[in-house]
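Two complexes come next, and they have one chain in common, chain A, joined by chain B in the first and chain C in the second.
Moving on to the complex of A and B:
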């Protein structure tokens, strides 16, 4: 493991909201090492601090305590220009595609922003359109249908695919995906996961995948981190953590996963007869 | 955009308010074209001339043709105009008093027929004596009887009226012509005719013209004040909500400071300290604007606070957009409908604030422009209500109420469309 390059790591990272009696510790003294090219899943219940951790990694909220290292150096995002540089390398897909877009700007401008961010502001218009077409083709959308449309005219799955097209154009080193499939129906979910994995194969980017779905985490990830109430309770390779869980919390999470292949134990359930309502005379 | 407009116009509230405002705007744009001139020009030598059509008596004598019309009932109408029902009652009252006073003269109330003009006047002319002093009669009442007597003197006379004029050659008065009781003229033949739809005020200024110019000025004051208040409120609210931290603390400190000082007190103090001579309509508008931004700031800030952590703002940040661009493109459009509504309310309240200030005598300096508040102030100061000159203040009150009512209707109409909780 040690020969691989660490692209993002943190030591003692904490986030505290409020102070005094009303203090809430969202992320509590977390250590992590994310290696380049890895697909890391962070699994936990709602409220376990996954999203806060992601926001800190993105630099959207400040870190209360601790230090985040990016590409082996201490992360420095104190000025706007440095932040902008940082965001060239680290991007995100959010959970809710419906609230991820500005409803007043058109789809073209969303994609054009990405080209501009990669330094393509001076490119000829035809080249830009070609790039956008390529990105749309990658996520199975037709650029001709997208142009001059507003994001809210698309379906949820299409919006999330557009989000991946965005990442395709941006080519960041790290992608933080905050439950990108949780708001979408099962069919689109598989497509989107496929696209994410394709993108990873093509660009070799690190994907940090946030989910509450243990099964999903097992299928796609190399490394799994389990978070409970702001703490990382267990981490390791997917096989280690999910097939041989150590922490109680992980075991509980695993037991909550519905097992489709096992028949539901009706016989056990129906041993006690349902209480009968007394018939009134 | 088109759909939003359609939706907005589907709301009955909005339609009514919009129509009222459009009608008022049409009035203030079209009327000055047809009736140009200074609205504050004093045209009347009397104060509080009642509304009506004014025909030049001098020019009436010079009309090219005089017509003879034998109209039925013309004499009765003429007598009726001189002898009103109240006058007839006055005659009856005197006669009853006289019958009590004079033991020989016996008259009961039932015997008097108020409709029978000749009998009534016959009794009056036989017995009325201004020298008789009844008991329990005030001087004013006694004089009213005397005035009535002179007024109805010669009420049945149908003599011709003669027109004399001065002849500069002979230096003598010369008979020009005579007018019979059957002579008529056509009003359109008279050179000088003026319609005064709302009469004049105490200075003899055409009230309607003044009202139209006052609406223009008041709306302008409302717009300027509303724009200033909304701009300040919007900028401070956006900065305070989006930047948070120290900037937020400083802005909220000043906002809270202004919140606890009643706006009207501040308005009065500032207006007073500026002084009468310096206060034009623009100054008043600026003063009103500078004292009424507080609530816009607070509500814009609250809206921005809820918007700044939305995913689309985060995405915009991740796309490397600058702060002004995020505020203008990702936050402003989301609160635009709210800001428009706040602006409309600000305009409405600024018009009311101007009226209030001017009523207190702290409005724009007089003699240059009329505003709705100033017209109210003049009507109050020159006691229009005591003169029974309703036309000096009722139309103004009505217009102020209409404008603010229409703007509020527009606001509720917009609210119905933009507020998802109220949407049908």
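Moving on to the complex of A and C:
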């Protein structure tokens, strides 16, 4: 374990909204270590501070207390230019694909921007198109169909896949995925999850996956963090946490998830069929 | 054989777009629900689940239009009835509907008890206020909802509480059929379980006689309903008991759907989840023959020509496929 490189870590990270007696502690003194190439899931109910934590990691909100370390050094994003530099290494996919795009720019320019951001501004046009085609192929979209379209002409699943194509071009060190599959149906969910796994395997990216779905977290992740009311109550490898939970909160969450091998106590699946009473003549 | 509560025969409804094209989102759907039973409807987004739910109410508003077919609730045909008549005599007493974002339906400036008064007075204006309050209080008590909820404003309730309140308001007149269209998809797992527990109690206590439950979350469906129907492109492709459908699907589309189930249980991690390639057909011009042919792994040339009807397989199972049960099982085994 020790030879693995720590990619992103935090000590005593807190976020407090408001002050005085109107204070809300959204994230409460959490410590975490995310190793490079790891797929981490942060699981919690709504209001547990998952999204606030992600926003702090992205640098979209300030950290009230504590320190975030990036690649072993203290993270420095105090100026605009440093922030831009930081965002080359850390990128995000959000929950709602419909609000993630600029509705005025075409899909080509969405992808072109990514190439430009990686310093490919001076590349010949043919090379740029080749790169865009490769990215589209990676996410099973046809580049020829994508050109000259606006993002809102795509379906939710296609938009989310296009988002992954962006990440494929940008090659950040860390990808933060904030419930990317909660707004699309179960079938396209499988495709998106497979793509994220492929992305991790191909580029060695660290993926931090936020979800409230235990089944999904168990399937996709190496390490699982469970958050309750701003605190991390349990963490460990997926098998440890999901199959052998220690914290009461994790146990409760797991008992509330609908399962197919051990149904809920009141489910009809537990009832034996009523004995057939012979019809009285 | 128990009494049939809801019978649907060849129901077809369409959307008319602004270019005057007809989109048949529900196409020749027939099924029955017996008293005390619940049926789940599963399928991808855009396969007509929610439209079927809307169509079953018998209350149509543009762009949705009724085309043909019968909806028979407890022996009474409600299709083709006058909309005002449906509103007055059917909705609420015979059939109740819980939409996806039901909790947003509560007017924030009115107390919960006012909604209950509204619902009851819409059907019988003569009932006294006291009777309504007694009925509401009794109903809330049996469903384990705190009694003071009645005198609260919707904004004072949490998401899960709001959803449970809406469900108890819409079932206050003890409808014969409850249609729940993803009632728990906006909630977290704990509130979801409470909502489902409440729907279960409603069934047990006999306040609702039968239920249709729509969701794309298959493990949830397995825990809630007796039977599961799978819809594809406006048609029902397979129906069977929950156990049969989850562990032993026969139709290739159901098989594909069941491949995407994710549950936090031992051993599920090693099984790779699969997605069905491709997208559903455009319902403006549905393809000839089997609608799933384009995406089916086991497609034969005949599939694209011949229309298939739902065929019984015994044990109350039906499936809409060219290949017989044995042929399909053989094909799955060879994978």
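Things worth noting here:
Keep in mind that, in the parts below, the second predicted complex is superposed on the first by the 261 of 281 C-alpha atoms of A that agree within 3 Å, B and C clash if a C-alpha of one lies under 4 Å from a C-alpha of the other, contacts with A are read in each partner's own complex, and residues count from 1 in each chain.
One rule holds in what follows: a contact is a pair of C-beta atoms (placed from the backbone, for glycine too) under 8 Å apart; a residue touches a chain by one contact, two chains touch by 3 or more.
Please read these numbers as outputs of a predicted model, since none were measured by experiment.
If you put the two complexes together on chain A, you find that chain B and chain C both fit without a clash.
Once the two complexes are overlaid on the shared chain, A:144 sits clear of chain B and of chain C alike.
Touch criterion met: A:190 reaches chain C, while chain B stays clear of it. Of the two partners chain B and chain C, more chain A residues are in touch with C.
Of the two partner chains placed around the shared chain by superposition, neither chain B nor chain C is touched by A:122. After the superposition on chain A, the angle chain B-chain A-chain C between C-alpha centres rounds to 80°, nearest 10.
When the shared chain is aligned, chain B comes close enough to touch A:84, but chain C does not. By the touch criterion defined above, A:213 reaches chain C but does not reach chain B. Legend: residue contacts after superposition of the two complexes on their common chain; A:254 is shown touching chain C, with no touch to chain B. Superposition on chain A leaves chain B and chain C with their closest Cα atoms 13 Å from each other.
Shared contact residues of chain A, touching chain B in one structure and chain C in the other, are absent. Residues 44-45, 159, 188-190, 192-193, 196-197, 200, 216-220, 222-226, 242-243, 246-247, 256-257, 259-266, 268-269, 273-276, 279 of chain C are the ones touching chain A in the complex. The part of chain A that touches chain C in the complex is made up of residues 45-46, 155-156, 184-191, 193-194, 212-219, 238-239, 242-243, 252-254, 256-264, 266-269. By the touch criterion given at the top, residues 310-312, 314-323, 329-330, 333-334 of chain B touch chain A in their complex. Chain A makes touch with chain B in their complex at residues 55, 58, 60, 80, 84, 87-88, 91-92, 94-96, 99-105, 113-114, 117.
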